[in-house]
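I'd like to ask some things about the structure below.
Each chain gets a letter, A, B and C, in the order it is written, and its residues are counted from 1.
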Amino acid sequence: MSATVAKPDQTEGLYDPKEPLNYINVQHTLKSWLLTGDHKRIAILYLIGITFFFFLGSIAAAMVRLELTSPHGVMLENDTYNKMFSAHGIIMIFLFLIPSIPATLGNFLVPIMIGARDLAFPRLNLMSWYLYMIAGAMILCAFFMGGVEAGWTFYTPYSSLAKSQVTLTLVGVFIGGFSSIFTGLNFIVTIHKMRAPGMGWFKMPLFIWAHYATSVIIMLGTPVVAITLLLVVLERAFNIGIFSPDNGGDPVLFQHMFWFYSHPAVYIMVLPGMGVVSELIANGSGKKIFGYDFVAYSSLAIAAIGFLVWGHHMFVAGQSMYQGVIFSLLSFVVAVPSAIKVFNWTATIYKGQVKLNTPMVYALGFMGLFVIGGLTGLYLSSMGTDVHLTATYFVVAHFHYVMVGGTVTAFLGGLHFWWPKMFGRMYPDTLGIVSAIMVFFGFNFTFFPQFIVGWMGMPRRYHYYYFAPEFQPYHLASSMGASFLAIGFALPACYLTWSIFKGRKVGPNPWGAKGLEWTTQSPPITTNFETMPTDIPEAYDFDSGIDDSEYDEIFGKPKESK
Amino acid sequence: MSAEAHGHANHLVYHQYEDLEQQRESYIVGMWSFLVTEIMMFGALFLAYMIYRMQYQDHFYVIHKQLDWRVGGLNTVVLLFSSFAMAMAVYYHQVKQPKKVFNWLILVQLCAAAFLVIKIGLEWIPKAGHHLTPFYGTFEWHYGGGVPPEIAKLFFSLYFAMTGLHGLHVVIGMIVIGALQWMIHKKHPLVEDYIPTEMVGLYWHFVDIVWIFLYPLYYLMPQ
Amino acid sequence: MFNYPMAPEQASTFGAEHDFIFYLITILTVFFTVAVMVCVLYFAFKYRRGSKANRDNIVHHSQKLEIAWSMPPLILGLVIFGLSTSLFVKVRVPPKDAAEFFVVGKQWMWHIQHPSGIRENNTLTIPVGKPVKLTMISQDVIHAFYVPAFRTQYMVIPGRYTTMWFNPIKEGKYPIFCNMYCGTQHSEMGGYVYVVSQPEYAAFVARGGDKKKDHVQTLAEQGKSLFGGNTGSLNCVSCHGEKDTERGPSLSGIAGSMRKFADGQSALADDDYLRESIIAPEKRLTAGYEGTMPPDYKSQLSEEQIRHLIEYIKTLGVAKAAPVTPTTMPALSGGTSK
């Protein structure tokens, strides 16, 4: 592991001569981080950014949950409450979930996994991080200048009439959109053009397939929502009212254009999570993923069909009944590729060599929560039941199961899996498993009651519910669960940070995993590989033998049992 | 393969690429992907236009007479010529004659400036005087034809949103072309290869094509 | 101990069918979740690293299996799709004999008017067992009229009418919610539906609602006083008289007829057309009347007043063989004739 290929920058900063050179210790100045073109450093910058915004979004969520413990509210004014749930939605969707996996794990791993030195456009990548931070700063400014109470969906005409900082927030979201467009563009070009010699499309890890599908959605969907939100800005700032009913415009057109992006955006959030889980399941089971082609194609199928189902958000919004029938039918069809993935993961574990470590426990938790999240989508894609359930807490519970139970669980699992690769150090595995179990049960405790209260008719975005005080026990249960969930999230933040400085050092392949990223040192050098890989094996090539020497050293040899 | 190639015999190749061919292809694929996002962005506006025009076709026909097809036509000619000049610039970059590239790009810049002068001077500013700008002064409709003022306002909202976004793209194009010219002038290593000019060219042709759609939709409406 | 309700009340005819589909999907959800989780946990334990489980004949790929396990979800999905779409059609198409109530949503209250003219704010009193159709419009932003106990809701949109209907089967008091976020007091924009027995409702109508007024004008009567020549009215009648004049066409028999416009097109004179013709007559002009009607009624009229005018215009006769059913409420308007 003595890397000497990349010359250290002797003039700038200090580096520990005992430690092999890597992307972290190659330069130490703040400038070298803020002006870096290295995809791994940008991934770390993103990681810091999204953790910060996740923390802010969680505070807003905590206020909302605390407020809802009583039918009459506890401490907030109506407007303050509305600003809180808007802040929670806007921050979590635009500043956390959408960039979460692609911009951190994806940024870090896409070039390494396909055997490239960097993404195709490193400076564009850095620019995308700056745009993300500018977007975040603008959205935060809007909150400090009085807040936004229009909700993250910004439905017109409410958003064009609201007297709060909607304009600034929308401009922030617009800029954030370009940040994700640039990330997606970088991934598409990199995956098309930068694969190592011998890395065919069907040798790529499923993580890459998922990111490819995600990037396609980002490129096709984001510009539509960007221009839609810009039109609301134009209406507010320049009186150019395209959605305004006073001008003969149609406010429902906004909803169509908004959901044309924002439904596929659900797949922007969850597809990378599925990619992560495919890696975790295959590597955690020490076995090639079952039905590789089907899992790969199902990502593309989800991306394609996902663009044709947006109308299921508007079954009761004045669109024609026949339109609704088509959207409903397609929504049932889009469930099939997701089901295929779940069945294939299950079949992968069958007859595997399962290592029940933190990443695998997170992956199993993902499967449980995602199955519930996906199946509860059936209630909402079927029009007869959606008429009752739409815009209630049932919907809130459903998308939290997919977004938090799916994406966030996968993100945490992936973070634990590649953490030793990113920082060259291992965290305490037992604490990791505890946190994974806390997240699983805390999550169910928080969001399962919301299914029931939604089914009973509790509308979303409600501050008070004294019209129906029988909802209270469910809200109480949900708020209590949220505190467990919060501990589950806080725990990894602590021990992962600790492990960067004090964790046990690891070599290139602590999990006995397959994939190009495990053939290079941990953490990798700036150009990822000392010699660029050329002879690429099949993906998840466990049949050729597993090298578990390092794994045994860290976690001990398995006890022989019957 | 790697170790030698990584030293990059060719100084034009960035460290992340294996060779110039890969770099060129990556830039072109990247530019086309970016243009796809641009198409989706304008596409959303064209969709909104289409829906409202289907709804209010007869009023839109009356309102569109307030736009002068001759001025729009002049702008179409100007932009078409600028695209030709841009194609010539790309050609001369491929055959490595930077002086001619620079000169053709000046022509593109002049056309772009002319487009904006015509657009703003002959169309947008007079519209403000006729109270047809939703964002400046009061919006009024004095041209009869049984057109409700709010439909006229909707029409001009769409008109200014779409031509405004297009105009913004023209301005961005001028800045990018200016930067390209500056780099050619300074003999910057980045522009030794023709790919940057080709990319700017693709962008400029896209801006042109958007106008080719805007012109008939707004100026040449059938009854 | 645990006496909290786990399900909303079934108070409309949609309830049983809706809940059947709901529980059907619930059974599927529970079945698949349990099946997947049991398999996953069992495999993860049985095939944990170092266990001596049999791992012969590992298969990595099986097209037959893939097709076999994507078919059941697809088929079950299509079955649910069929059931729920047929329910949705019932929810969306009101029966012809439904009594038409008029609802205006505004920040942050519901204005409701009965066919008999009784007004209510934030409460809706209806008789049990009679279908009720709501014609709704918003005065500002988008709202949604949602009665969980009836298992139905619909958005209330500015600028156009939307409708919903239900047929209550159980007397009681059920909450109404606004289910589309509409600003500061969104969560307080609610009220109750009171479903009462039919005699009770007749008595309610007879005494003119809870306001204890002597006489309540019907919608059409209120529309007539707006329309007619007395003071405080809009004096529509001066142009729209019994016969067509050069100033305006007669409105007799206009509702439900096909109208020909100046531009050669034609359209059915439904509620949306009538509303548009009152507030923006220029949009679709009847041939021969270009620019005669003042376009500023929008600023003078509330949505409720527009509704009154439409109801009055409907009483001026309805075109023969009109494809739309005229709004009549024989069953419910009995009380007002006194």
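Everything that follows uses one rule, which is that a residue touches a chain if its C-beta (ideal position, glycine included) is under 8 Å from a C-beta of that chain, and two chains touch if they have at least 3 such contacts.
All values reported here derive from a predicted model rather than from experimental measurement.
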Subject >> Chain pair with the most C-beta contacts >> reply: A-C
Subject >> Central chain (by mean CA position) >> reply: A
Subject >> Centre-to-centre distance between chain C and chain B (centres being mean Cα positions), rounded to whole Å >> reply: 46
Original post:
How many angstrom lie between the CA centroids of chain A and chain B, rounded to a whole number?
Top reply: 35
**OP:** Give me the residues of chain A that touch two or more other chains.
**Re:** 248, 250
**OP:** Could you tell me which residues belong to chain B and also touch two or more other chains?
**Re:** 56, 148, 150-151
Subject >> Junction residues of chain C - those touching two or more other chains >> reply: 280, 283
Original post:
In their shared complex, at which residues does chain A touch chain B?
Top reply: 111, 116-122, 181, 185-186, 188-190, 192-194, 197, 219-224, 226-228, 231, 234, 238-242, 246-250, 253, 257, 260, 527, 529, 531-532, 534
Subject >> Residue ranges of chain C in contact with chain A within the complex >> reply: 4-8, 17-18, 21-22, 25, 28-29, 32-33, 36-37, 39-41, 43-45, 47-55, 58-62, 65-66, 69-70, 73-74, 77-78, 80-81, 83-89, 91-92, 140-142, 144, 146, 148-149, 151-155, 157-160, 162, 175, 177-188, 190-192, 280, 283
Original post:
For chain A, which residues count as touching chain C in their complex?
Top reply: 78-79, 82, 149, 151, 155, 157-158, 161-162, 245, 248, 250-252, 285-294, 315-318, 321, 324-325, 328-329, 332-333, 335-336, 339-340, 342-347, 349-356, 360, 364, 367-368, 371-372, 375-376, 378-379, 382-388, 390-392, 452, 455-457, 459-465, 467-468, 470, 473-474, 557-562
Subject >> Residue ranges of chain B in contact with chain C within the complex >> reply: 56, 58-59, 144, 146-151
**OP:** Sort out for me which residues of chain B touch chain A in the complex.
**Re:** 1-3, 6, 14-17, 22, 25-26, 29-30, 33-34, 36-38, 40-45, 47-48, 51-52, 55-56, 134-135, 139, 148, 150-151, 153-154, 157-158, 160-161, 165
